[in-house]
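Before I ask anything, here is the structure I am working with.
Here the chain labels run A, B, C, D, E and F in written order, and each chain numbers its own residues starting at 1.
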Amino acid sequence: MIYLTRRERFSAAHRMFRPELTDKENMIIYGKCSNPLWHGHNYVLKVTVKGEPDTDTGYFMNATRLRDIITERIIVKLDHKNMNVETDFMAGKVATTENLAMAIWGELEAPLAEEGATLHCIRIEETENNYVEYYG
Amino acid sequence: MIYLTRRERFSAAHRMFRPELTDKENMIIYGKCSNPLWHGHNYVLKVTVKGEPDTDTGYFMNATRLRDIITERIIVKLDHKNMNVETDFMAGKVATTENLAMAIWGELEAPLAEEGATLHCIRIEETENNYVEYYG
Amino acid sequence: MIYLTRRERFSAAHRMFRPELTDKENMIIYGKCSNPLWHGHNYVLKVTVKGEPDTDTGYFMNATRLRDIITERIIVKLDHKNMNVETDFMAGKVATTENLAMAIWGELEAPLAEEGATLHCIRIEETENNYVEYYG
Amino acid sequence: MIYLTRRERFSAAHRMFRPELTDKENMIIYGKCSNPLWHGHNYVLKVTVKGEPDTDTGYFMNATRLRDIITERIIVKLDHKNMNVETDFMAGKVATTENLAMAIWGELEAPLAEEGATLHCIRIEETENNYVEYYG
Amino acid sequence: MIYLTRRERFSAAHRMFRPELTDKENMIIYGKCSNPLWHGHNYVLKVTVKGEPDTDTGYFMNATRLRDIITERIIVKLDHKNMNVETDFMAGKVATTENLAMAIWGELEAPLAEEGATLHCIRIEETENNYVEYYG
Amino acid sequence: MIYLTRRERFSAAHRMFRPELTDKENMIIYGKCSNPLWHGHNYVLKVTVKGEPDTDTGYFMNATRLRDIITERIIVKLDHKNMNVETDFMAGKVATTENLAMAIWGELEAPLAEEGATLHCIRIEETENNYVEYYG
């Protein structure tokens, strides 16, 4: 079994808040990340898939194909977007990195399976000091 | 003459647009960076000052003091903020990295001179692939 | 289950040696790392915790709280310190990165559990070419 | 159990192709990576070994010894070489990163076991956006 | 005056050698970099241009336009290529990083001037430990 | 004129203090950097030389030769050392990064000139957030 990881990047605006709470209540829970006027990040996304390399080709999934699927399914919906407002798979969710990782897993699992690859890990780095990982 | 550089970071939302133009016109000039719903970045700011090290202390400006001035004058006004709406020194300016660098120069030159340091360069990295430098 | 990692840094002096051995014997085992006059590193510490995100808040532990616990329990005892002499949880231990990782685990496991987070991994990068990981 | 990772680098030429296919057929499978005139990369190799630290020395394998074994067995055969033509352990294999990782595992497992270390992972980063991992 | 830098990458094969010399003589001058079977690198190219930002738009050259010019003129001729054999602007030159930087300057100076930007610096990083800069 | 930069690293212990002052007075000037029990860093040293490339060889100084001179003159005296006590060219100086940069300039200028290279810049990165540059 080989694990293949592709790194992509997107720059997005977001804020963390629960709509049923006041700004003051959200500030207590999420701090400056709940700023109602938004803030943003250069997010780094690492998608890891696993599979048995084909003995003829020497791989189980072409890295270029992996890049294209991530771009089409995820990056075009997040890059230079407001993820709270514009990203369909984040609708109705608090825009934490944790929820984002789980939502991206949901978007990628099936299309990657169609390529014969098993999704192994979604990793999102929000800043150079924080990242989350989700393994399904 | 010694050059001392301090690196700081801030995560902000912004959009590039000119208010006298339509969204369509702004899209032609600024592309996806003019998204009316905002986007954001992890900006890296590098401030370089120069001076003659004191022969007794071995430096001309304490790096901790440099950090504090950058934080008080710049970072608190940009980090987890919407720079178009909330950052006083960007009011009325197009939120390009070029304008941001020149505005930060304007904010830092005098307070650094009071410390005996000459501001040499403001460098802002918007993504890992783009940065601007301003030397006054 | 989500894995959340926080990266912190500390700059410390140390030497690797066993007090019951001579400097010459320590040099055979630890090489230049046993220099009796000390040397030092910019250490990078990555602490990974795991948990089930709360469906209301979208996380299981606030990254800021994680940072504060690491700072209070670990960083203040190591940053700009001599870890052999000044760091209580390294007393009587050879100052290898391996022992440091296990000692930091011991310091963090209980206070993180009090926050509802399960400690998953302590990773310490001593240089850009060497790191150790400990999973308890 | 402690996991120790050593990072090494090598700069090599390669191409991905199957000799029984035409250049055109290889181009369909491998794209520009099958260029018959070669291309190359700065590869990053991370070798992770695991073991129980000795209570006297505070480690289970000296990082310098780990570096030397990787250098002697792997780096001298790849650095500034054409891996398709000159690297004995890649002979007859398609020069994918996946095959390279499995071949390096084969070269390192036994000599590391002789040192009392268990090989845990071979990770190869071909570019800043792609890497593979092999766990045996 | 503002300085704008764009970072691009290319993976290429090369060797350093002078055709009028024997392999042995080339080995004395260029060492392992003269390997007749080639080797390669992930090169990082940083192109810096300078200009006066337009007071209306807030920039003097669109970073996307800069990226496109570098890609069309330089990257397509070097990425996944053998620069000694396939790159027209390196024909007849020893493939040192120094010569590469000067040749790229020659390719970019005029097309950038047509955009109203003055080429300031070509920087090429061959490995993480070596880079050259050329200012014309 | 081409500028060639070589990056090297060393891990050293140091403290900043003036021997004629008390520990308390040094603490006021240098803060935690004056800890009498030492601390340390992974320093990054970048040495930039300039020259006219030879039209035959395509360079003015071999990067390997540059590496060797830096190693012999600087790195062996600093790596895994206490720079206050063990580094001859720092004797009697406050161990600030500023003084270190100027001292390294003094050690390298003449031997590089013997190779036909003009020393242009000494850059020392003490942490990922601070660096100094000296141009003679």
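Simple rule for what comes next: a contact is a pair of C-beta atoms (placed from the backbone, for glycine too) under 8 Å apart; a residue touches a chain by one contact, two chains touch by 3 or more.
These figures come from a predicted structure and were not determined experimentally.
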Those chains which touch subunit F and also touch subunit D: C, E
Touching subunit E and also subunit F, the following chains: B
Distance-maximising chain from subunit C - centres being C-alpha averages: E
Most remote chain, CA-based centroid, reference being subunit D: B
Chain copies touching (subunit C, subunit F) - same or different residues, decided at half shared: same
Whole-Å gap separating subunit B and subunit E, where each centre is the average of the chain's CA atoms: 29
Subunit A and subunit F: spacing of chain centres that average the CA atoms, whole Å: 42
Chain centre separation (subunit B, subunit C; CA means) in Å: 34
Overlap residues in subunit D, where contacts from two or more other chains coincide: 128
All chain pairs that touch each other: A-B, A-C, A-D, B-E, B-F, C-D, C-F, D-E, E-F
Contacting residues of subunit F [partner subunit E, same complex]: 1-8, 53, 56-60, 63-64, 67
Partner subunit A, residues of subunit B touching it in the complex: 9, 11-14, 32-33, 35, 37-42, 79-82, 85-86, 127-128
Complex contacts: residues of subunit D adjacent to subunit A: 16, 18, 29, 31, 93-96, 98-99, 101-102, 128-135
